Amino acid sequence: MSRPGLILKLSCLDQPGIVAKVATYVANHSGNLIEFAQFSNQLGGKFFARLEIETEHLDVEVEDFIAGFATLGRSLQANWHFRRLPYRMKTAVLVTKTEHCLNEILWRAELDELPIEITSIIGNRSNCRNIAEREKIPFHRIDMDGDHRERGFEKIRELLVAQEVELVVLARFMQILPDDFCKAFAGRIINIHHSFLPAFIGANPYKQAYERGVKLIGATCHYVTADLDAGPIIEQEVERVQHFHTPNDLVRLGRQCERIALAKGIRYHVHDRTIIDEHRAIVFPD
Amino acid sequence: MSRPGLILKLSCLDQPGIVAKVATYVANHSGNLIEFAQFSNQLGGKFFARLEIETEHLDVEVEDFIAGFATLGRSLQANWHFRRLPYRMKTAVLVTKTEHCLNEILWRAELDELPIEITSIIGNRSNCRNIAEREKIPFHRIDMDGDHRERGFEKIRELLVAQEVELVVLARFMQILPDDFCKAFAGRIINIHHSFLPAFIGANPYKQAYERGVKLIGATCHYVTADLDAGPIIEQEVERVQHFHTPNDLVRLGRQCERIALAKGIRYHVHDRTIIDEHRAIVFPD
Amino acid sequence: MSRPGLILKLSCLDQPGIVAKVATYVANHSGNLIEFAQFSNQLGGKFFARLEIETEHLDVEVEDFIAGFATLGRSLQANWHFRRLPYRMKTAVLVTKTEHCLNEILWRAELDELPIEITSIIGNRSNCRNIAEREKIPFHRIDMDGDHRERGFEKIRELLVAQEVELVVLARFMQILPDDFCKAFAGRIINIHHSFLPAFIGANPYKQAYERGVKLIGATCHYVTADLDAGPIIEQEVERVQHFHTPNDLVRLGRQCERIALAKGIRYHVHDRTIIDEHRAIVFPD
Amino acid sequence: MSRPGLILKLSCLDQPGIVAKVATYVANHSGNLIEFAQFSNQLGGKFFARLEIETEHLDVEVEDFIAGFATLGRSLQANWHFRRLPYRMKTAVLVTKTEHCLNEILWRAELDELPIEITSIIGNRSNCRNIAEREKIPFHRIDMDGDHRERGFEKIRELLVAQEVELVVLARFMQILPDDFCKAFAGRIINIHHSFLPAFIGANPYKQAYERGVKLIGATCHYVTADLDAGPIIEQEVERVQHFHTPNDLVRLGRQCERIALAKGIRYHVHDRTIIDEHRAIVFPD
């Protein structure tokens, strides 16, 4: 990922010869295909692909390579997207009180597991301010209680736009996003839900899990849509539990699921390994 | 489990000295405690225990040991149950079309992983008849379609009573049990549900799972209560899936979860390793 | 897999344009690419691919399509292999005493999870004869004790050749294969080792695992090479264990790992989802 | 764990009546038994137990309760140990360059998942100094290169003794401990090994794992003994890998296993949930 290159994501109706055409375009310009992940959905008649291309020996400028692809892309009636490597995705992290997910993100970013640049940490509580300050990342405390909710979301949108944020991570942000907010950032908001969705939708999933007496708890990383807890799932993790685990134990054990599922989900998104297909997410894992 | 012995299951309100009293009773009669699993539910104020006792050197007859315990049991206002080892639990298996769960039970019984005696295989279809015949186990085809449903369940009850069945296993039996049936055999009916409950309650869970785009599928082994798919959970298994898995693939991958969760659940029950506590099951695994 | 089609496996030195060339060949003859899995090994400089092609609308006969590929294949200096679908792979299962792996294979084959035709079950003990007879599969008891070992392996080879066996599965076959046997069937012998290789090579791995006090046990499905327990690994499974599990419990719990790892490994092989790369196996899972 | 109480760990030769005697001692002094975990090793003839006792209503002083147990303990010829709750275990963390395990410990301590007081972070490199300073924990850089090794370990011992350290955690400390050091702190040194022991003993296990082509990698948390990588195992974690993962990917994926296994292992130890039985560790998990 550190070498100059391109990631191409593409989806279109399935039709003969797509792989040949796309790969030939790359080869004709001396692009070196590092990875070609593809999925022909036999049920839905759609085609999805992710290509990773070394551009060092391209016979044209990278911009021209990208621009020239449009002819093929349009002929396939495809949606496509190029990303130039190396890059760091501008990311805002929204939090409330708990900090374990935020910490996990910061730390994976530092280890270079997540190529992101955290533009700001935004909280409707101040609990995570000291972490932000320690990491020298701007912290914005936005009041969202009661009447302030609507204005609060406006302020967040202004911040995200001003900072040209590409990805919004809800790292245990305990506020339901307004529909228009979800739509404005469609496909660019990732949430971690502290249950194994679609089980235990809504509040206090660990308490629900305790009362139901499940033997496995989980966490779900998903894209946020206006339909609460129903967005496309990117990653899920589970952990075995027993009868002696209290709801507090489930919170403790669940933290680990949340951290891992969220970190993996962000990584897949930032590396362009996800393609949203209506209610489902195609994920080409690494 | 093959040596002469006893399993004692006991539950009561938590109170000082239970372990001491129970263990002292065993020790005073020269019982050898092989295993003493215990759980004090701090949230509900209840106490649960399972003891495994070698009886070879008891200073009284086993019947007297069991009878004599009643004084202590009543003073603790406990529910308790003794089982003499070795034993085989009389078990009826109810099936419809699919046979993988039935096969798993048969194999595990043959390998002596499940100390059960299968009194009969009962099907509302004939698909599993040949398996029953191969294993020389009586097969009963009971018509349950349309108007025959009520009479069908009556026939099953008659069979179970006549054969002194202690455990009814629903091995992908695709009929909803009547309430009175559930009550009559409360705590003695085990079902395998082909989803990770409480997700995907109801029909066609694999199709539901595909449409929701989950990244893990599962199976749940639980006691059957009148409240459909809501009985106490004994065991759950999951398997990772990806976007390219069709509903048929989920059925294939799910079979494995079903087989394992059901086999473990039956084993725990038959070895008296479960205690039902309202909506939850205490499970002391082995 | 049930529609007429082809699987193409190919490996060669990595070089520009391979995907384009191969996919173009398919497209030029109106082949419909269902799946194109590819791996460019950046460390070893090698390229591996597996294609699944629907051939219904090919503009040439399938034989001509296969034959015509040779020009491209040779120009890439590739190794390649076509397989026509649907097919069933002729498979011999070698056993000794334990039958759980054999049973798993039989049953997955019956459920059509494994497209194999079992030509024979060969045992150096008679324990599995009754299973073979029940399934109406020829059983060959070959004496391999003491002096009979060498002659025994000769007989097995004769059987395999006579039956045109394509795959030999060692389903807990407790004999070490002679070097020349391994070489003669290189890449076509799959073994299940009852440990998490490379831990606990050699005899009695569950006893070794107990003594070492591991917290997870496992099983490994691998190709057999002359170097014992060191062949390319196809699949591994693990199961959590605790201090109270005896070596016998590990045997019991390990059976499940063995069954699953072996079944998955055979499936990957038979669906041509594996490519051996020296000591490692490329596996494109399904 | 936050209420005043006691943990009692006990091991002795198995003999009739141990549970009764120990539980009766507790009950006779109005101790409230929260948890009584017990293991009778049928193979080795030994008995192990861990009791958690609320002491609020004891009829004697806690010191007297502890002292009075000695009569029973000696009569059982047992090893036993009481710990008063709440407590924090004085812990030194030894590091070299990598910091993910150290970070995990710090976080979990902060979240109160690990009741430890970190007395110092000791490194033979300076990489982790800034983390220590951020957390306001003394950092000691000890030169251990070449001739300084012996003197380095002496200095560490002096530090540990001066700070009354009860637990030494090797958080990816890349030095082999001298035998006498291991003996001096026997049962009080916990290491995280970055492989699924006993596979890949020694240097560079991820590279070894890549070359062997395993399909699961792991990490092992164990007590340190003079016999390198052979101490009693407390916890193990695994993660699935595929052919496309490079050794660097394994390092990345393995970090997660290391963090989880180490955190769990420390938690079990600090909560007195482990008892060392020669080469094996009894672990009563929570």
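Going in written order, the chains are labelled A, B, C and D, and every chain counts its residues from 1.
In this text, contacts are C-beta pairs under 8 Å (C-beta built on N, C-alpha and C of every residue); 3 or more make two chains touch, one makes a residue touch a chain.
Because the structure is predicted, anything quoted here is derived from the model rather than measured.
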{"item": "Least hop count linking chain B to chain D through chains in contact", "value": "1"}
{"item": "Where chain A and chain C are represented by their mean Cα positions, the distance between them in whole Å", "value": "37"}
{"item": "Chain C and chain D: spacing of chain centres that average the CA atoms, whole Å", "value": "41"}
{"item": "Overlap residues in chain D, where contacts from two or more other chains coincide", "value": "42, 244"}
{"item": "Chain contact graph, described as a line, ring, star, complete graph or other shape", "value": "complete"}
{"item": "Touching residues on chain C, where the partner in the complex is chain A", "value": "16-21, 23-24, 26-28, 30, 32-36, 38, 40, 42, 240"}
{"item": "In the complex, chain A residues that touch chain D", "value": "100, 103, 107, 111, 113, 134, 244, 249, 252, 255-256, 260, 286"}
{"item": "Touch list for chain D against partner chain C, complex", "value": "39, 41-43, 196-200, 211-216, 218, 232-236, 238, 242-244, 246, 277, 279-283, 285"}
